[in-house]
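Listed below are the structures to be examined.
Two complexes come next, and they have one chain in common, chain A, joined by chain B in the first and chain C in the second.
So, the complex of A and B:
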């Protein structure tokens, strides 16, 4: 256990404070990117390719150009300069490396080939439909089988290795050797991607749907070829992203290019169909697993060879081995990966990228091995738990997987499980069989660099600002909580200003690192602002503390007081500021990246968890539903129990989608994502959301700063799918190794009620 | 969507005469039509809005039946006291369809004429489709066909009829009342829909300009009824298989029964063969099984939907079990 200092916060930390931005959202007054309207604003509607590969012979824009309201048709002939990111060195990440309309080559179905700009959205839509593109189609590949051999261009990578996994497996007494597959999945936030670009020579203001205003600014500066200071990116509210909005997509550059050409504000929004084509997806993975153990259940070897598809032009690696090297104790391990190319849009991170599909394979293999060992799957995991990251020999800063599994077992009632397949009937419903499954979860923890400003204002309010954004997770709320925690200023008097690249640089909302990243910077900025307030108290002429040493003063309950007297004897800070004719006590703070901290580098930092899932299987009508979930999360200190629980609940529901419903279907004949709408691409509805019980094991992690908070945005999804397939096996005897679980597979079950 | 003229007649006569021109379409709730217009699958030049026509009543008939106006919303019909009491199968079917928001808009007439969810039909860029573009071919037969029909298909089209309501109406033997340029007529629901054959774009017997005014549902006294819908998720999904059962059971024997299936046919599918197997027999699992076998005897699965044959059987068996319990 690291001995770094933890701090004891006030009761506002860890409370169930509702989101402070909730009323704005429920009353429809929160401004999302596409809600911005400006005088003379016009609308861009992209035209997308209807072949999966080929060359554009010609684009006939004549009919469209004559249509009412049409102002501009952009094609690769007239798009103007849009640049690629220079390799290496830059601190911005784009998604599709090819700028839109760069050439006349089509590499996937749905790639932008033109854009119409018109006075109204309807005019732009109808004109976009009137554009005739003549293609010279070429052959393409959207095959679901990712067996392609590694090449010089796409070689096999060894990601982690210890001992000799190959020979240990060959001679091991108990083993499993299976391949697991996860499909391409599409991000389906309610809010679709949108950009409103305002050009005010030489400056662009971009109202964006982004999970990273700073990153977006950096990328668009390079793409548009303008200095950073001439780009301002604004995302006050985001209708969620799930990773799909981490990095800029081509429509943003198209909107900016059109605004520059027309000298008018331009709004471009993707539609739901485009969400499946040109703004990213979780790539398909194929993972070959060879696990072995001694007869008494000690892991002997673990081999994980995986592939994921990527597009033509980008090497997007889905890091399925994220958790493999350290999640269990095993002397022999080999982890390798390779990419295969397909004619699809650029893949991009989706909630828990890599780890979530990776853990589907790891935890499914663990379940199958436990069955081969005739061992309880919880006991099997407990037996192979470790407090050392065996891939690098470092201790974990805080790992309580064991407790997660134990508490989860207790809350779920695991001891009542009869391991025999199909043996458990639903009480009171003889038609229905119950299946119980478990899986472990893990997700990395860390933080990046960040700056924040805090002002304690002489009207009794505070303002905290940072160039980060709230993607719907509760970032606004925790900002206010930290300031309130340290100053005693009530929550409703703390104004949080985020979502603007002109603010002090803050983090992207990704990798579950945002909270851990912003907390130290806000805390420091608040403390520095308090110092200024105390100095003011000690110097202001009419102050009761005039002439006192600032060190002898304290700041609590929004008052300055003598350190050895209670806060109630103090003076409200705003009075002191007013006495001194000072508008605000300002403070700046910063966080440095976790890996720049030598103490932190001694530890392996991760969050852990356990998912316990019950499914109901009614074989008489082939109906499968998830009926009960217990999710136990070891994520350090929870700053806000309500928003934290919301994250886990949402992630579990998303996991039900991953396990049972979601798959983007690319048709072999045309290469198009066919089920590109909310009715045909299925995600769970409310009726599919079962009773979900969330428990946090709260050990503040001192390596993550004095609050000890790790992120919890992603871990709730990890482990859900393999716990479902384990439960499905327990109910039906059918092992599903390719997601999603489809009833046609389960109808092969011979289990009878 | 393309531009169109918009007419808003006040009477059925006016509506019929305005809709007789080429390229005109009635619009009721718009939940099918507007969707397809946005996708450029339907491109009417004139929309004749029937929302103000006096066709929104549900009335009991002297013979004990029910008359349902074409403009009665799906939610209103589902929650109508008489429907809940005497036509539970219809209420259950309606409530299993779509979402509350859609049901609040969707109408009885529009539901009868909703179009298939075949993804190739709904996407003008998705390649050949005989229903959308007669004579071009069918992309579904050797493409994505997990959700397609297994009964009533042809080499030209295997699209599933998507409705739940119409399946219940079929089991209830509803009569569809039509008013058109040539006058009024009524058609039993079982004769209303056409099989795809080599003209899958012709889906029913309506002539241009013909308006559905109302539906009459005969009395279903002393019957037990049930609608069962099977699908991947618990709500907001079209049926993979469904079954509507209206049965009269006396002393454990099936006096008479009507069975219709959804999600498996190119039209709401009346299972006469299954009914024949059951009539006069004890309500036992063995007879339910025999009935299900008879119902699916003509099924023709494709590459991805063979499971629907077995699924539909299980659906019929369970629906019979629940209805006759």
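So, the complex of A and C:
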């Protein structure tokens, strides 16, 4: 157990406080990027390529330019300066390294080739249709088979290695040798990407759909070739992103370029079809697994060799081996990877990037190995649990996978499971077969650097600010909870100001690290503001504490009081500030990156979980449904139980989408993402939502700061898909190794009712 | 195409707008009338983010050319709260965690209002069906069901739904 101090918070931490921004969201007054309108605002509509590879011979814009309301047609001839990010810079990450319209080469279907700007959206849309692009098409590759041999340009990487996995596997008594495939998936947040760019020479204000206002500012400064202080990025509310909005996409640069050329505010929004083309996706993966064990169920070797597709210009690595090196105890391990190029848009992280598709393969192989061993899959995992990260020899700061599996078993009723395939029926409905599956979950934990400010104002309110954003997870609310926790100022008197790159630099909302990153900075800023309030109390002329030593004073329940007397005997802080004619007691705070802390470097930091899933299989009508889920999460302290549960429920249902419904299909005929709408790319709906129980195993993780919170945006998705395919096997006898589970595959089931 | 003058009643208020006849009701609400509570999630009639009530029917405002709305009574999410007092459904969504990122929420609320107006005490199955046209990518839907059930139980929700 790490010997870092944990702090004992007040009851507001861990409460079920509803979102403080709920009234804005439910009344329709929360402002999302596309909601901003300005006088003289005009609309940009991009034209996208209708070939997957080739060269643009010519673009005929003449008809479009003459159409009513058209102000500007941008092509690669006149886009103006848009720059690439300098290599080696670590202070900003873009998505697609090529700025839009940089050259006349088309690398994927749906790439921007032009943009029309007109007075109204309708005028811009009609004119965009009138643009004639003449292509010299070339051959393209969107093959789903990722068997390409590694090359000098895209070599095989050894990511982790111990013992000799190859010879251990060769001589092991029980083994599994299988390949697992996860498809390209589209994030599909309900809010489409949009930019409203306002140019006020020399300054840009960009109203953005971004998960990182600071990162967006840094990238756009380099892209537009202007100093950072001339870019302000605003995202007060985001209609979710799931990773798809982490890094800037080309429409943002086009909007800014058009605003600069026209000297008018420009709005550019993608449509739902473009969401599948040019704003990222989870790349397809193909993972070869060789796992072996002793007959009594101790792992002997793990080999995980995977490929993921990437686009033509960027080496986007989907880190499928995220959990492989440490999730189980095994003496021999080899983890290797390589990229393969396809004519697809740019892949980008999607909720639980790498780990989620990686764990589909790892946990599927574990299930198959358990079956080969004739061992219960929960038992098998418990037997190979470890409290040491064997990839680096470090202890875990806080790992309770065992407890997750045990509690999950109990809540799910796992002991009633008959392991025989097709042996369990739905109570009261003998035509429906039940399948029960389990999988373990894991996701990294950590935090980056950040700054925050807190002001305790003389009107009795507080203000906390940080250049981060709330992507729908509850960031507004937990920030207010921290200030309230430390000051006793009621939650409805704490104003949270985020979503603006002009604020103290804050983190991107990604990797489930935002909470752990900002909380220590807010805590420190609050404590520093309190110090100022105490100093004021000790010096203000009419203060009852005049002449006292500030360190003999304390701050609780929004009052300053003598440390040895109860808070009720104190004076409201706002009165003291007023006495001194001070507007606000201000405090600044910062968090440094986790890996800069020598104590933290001694530990391996991860969250864990277990997913238990029941499916119902009705062979008579070939219907498969997920009917019941128990999700147990070991994610450190939960700051807000309500928003935390929201995160897990939403992630589990997204996992049902991954397991049963979602695949972006690139047609081999043209390379186009074919099912680029909500009718053909199915996301889970109300009807797909089963009964879900969420349990948190709360062990505050002291390495992640005094609140011990690890962040839980992603862990809930991990393990869902392999638990589904394990359950499907249990019901049908069909092992699905390529997601999503398709009914056609299940027709091969020979299980009879 | 030249603009036409459209008369309509929005949230009880008579209004007229000049707009091209095929301009979407969604854009008239958002751009001409500054009612940005109604959101666009797809523009193709698939997601329900743009749900409003038109003459008492639930419609996707992205699929309604403004010409068709001439003389119509339109209710948007902005009609739900009265004098800043939230509607029981709004309260329930915020209490129960039915709104996460919140972008689907206005449409979801209009679909739920419509459902409760016709069926003050819907069962879980009826809620699933009533909200079938509205997608949400954040919540996993469970807290949305809870929200509607809670709102239905809240006194006054029936009389409040106009």
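The working rule: the second predicted complex is superposed on the first by the 752 of 753 C-alpha atoms of A that agree within 3 Å, B and C clash if a C-alpha of one lies under 4 Å from a C-alpha of the other, contacts with A are read in each partner's own complex, and residues count from 1 in each chain.
The definition used in the following text is that a residue touches a chain if its C-beta (ideal position, glycine included) is under 8 Å from a C-beta of that chain, and two chains touch if they have at least 3 such contacts.
Everything quoted here is computed from the prediction, not taken from an experiment.
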{"item": "Partner chain in contact with A:685 - chain B first, chain C second, else both or neither", "value": "both"}
{"item": "Contacts of A:444 with chain B and chain C, given as first, second, both or neither", "value": "neither"}
{"item": "Touching partner for A:620 - first (chain B), second (chain C), both, neither", "value": "first"}
{"item": "Residue contacts with chain A in the superposition, chain B compared against chain C", "value": "C"}
{"item": "Partner chain in contact with A:669 - chain B first, chain C second, else both or neither", "value": "first"}
{"item": "First (chain B), second (chain C), both or neither touched by A:14", "value": "neither"}
{"item": "Which superposed partner A:50 touches (first chain B, second chain C, both, neither)", "value": "first"}
{"item": "First, second, both or neither for A:190, with chain B first and chain C second", "value": "second"}
{"item": "Footprint overlap on chain A, comparing chain B with chain C", "value": "679, 684-687"}
{"item": "In the complex with chain C, residue positions of chain A that touch it", "value": "18-19, 21-32, 34-35, 37, 120-122, 188-192, 237-240, 242, 269, 271-272, 471-474, 642-643, 645-646, 649-654, 677-679, 683-687, 689, 692"}
{"item": "Complex contact set, residues of chain C against chain A", "value": "20, 22-23, 27, 30-31, 34-44, 46-47, 49, 76-78, 80-81, 86, 90-91, 93-95, 97, 99-106, 109, 127-128, 131-132, 134-145"}
{"item": "Chain A-facing residues of chain B, complex", "value": "1-3, 40, 117, 119-120, 123, 125-127, 139, 143-144, 228, 230, 232-238, 240, 306-307, 310-311, 314-315, 317-318"}
{"item": "Touching residues on chain A, where the partner in the complex is chain B", "value": "50, 125-126, 129, 620-623, 625, 660-661, 665, 667-670, 672, 674-675, 679-680, 682, 684-688, 742-744, 747"}
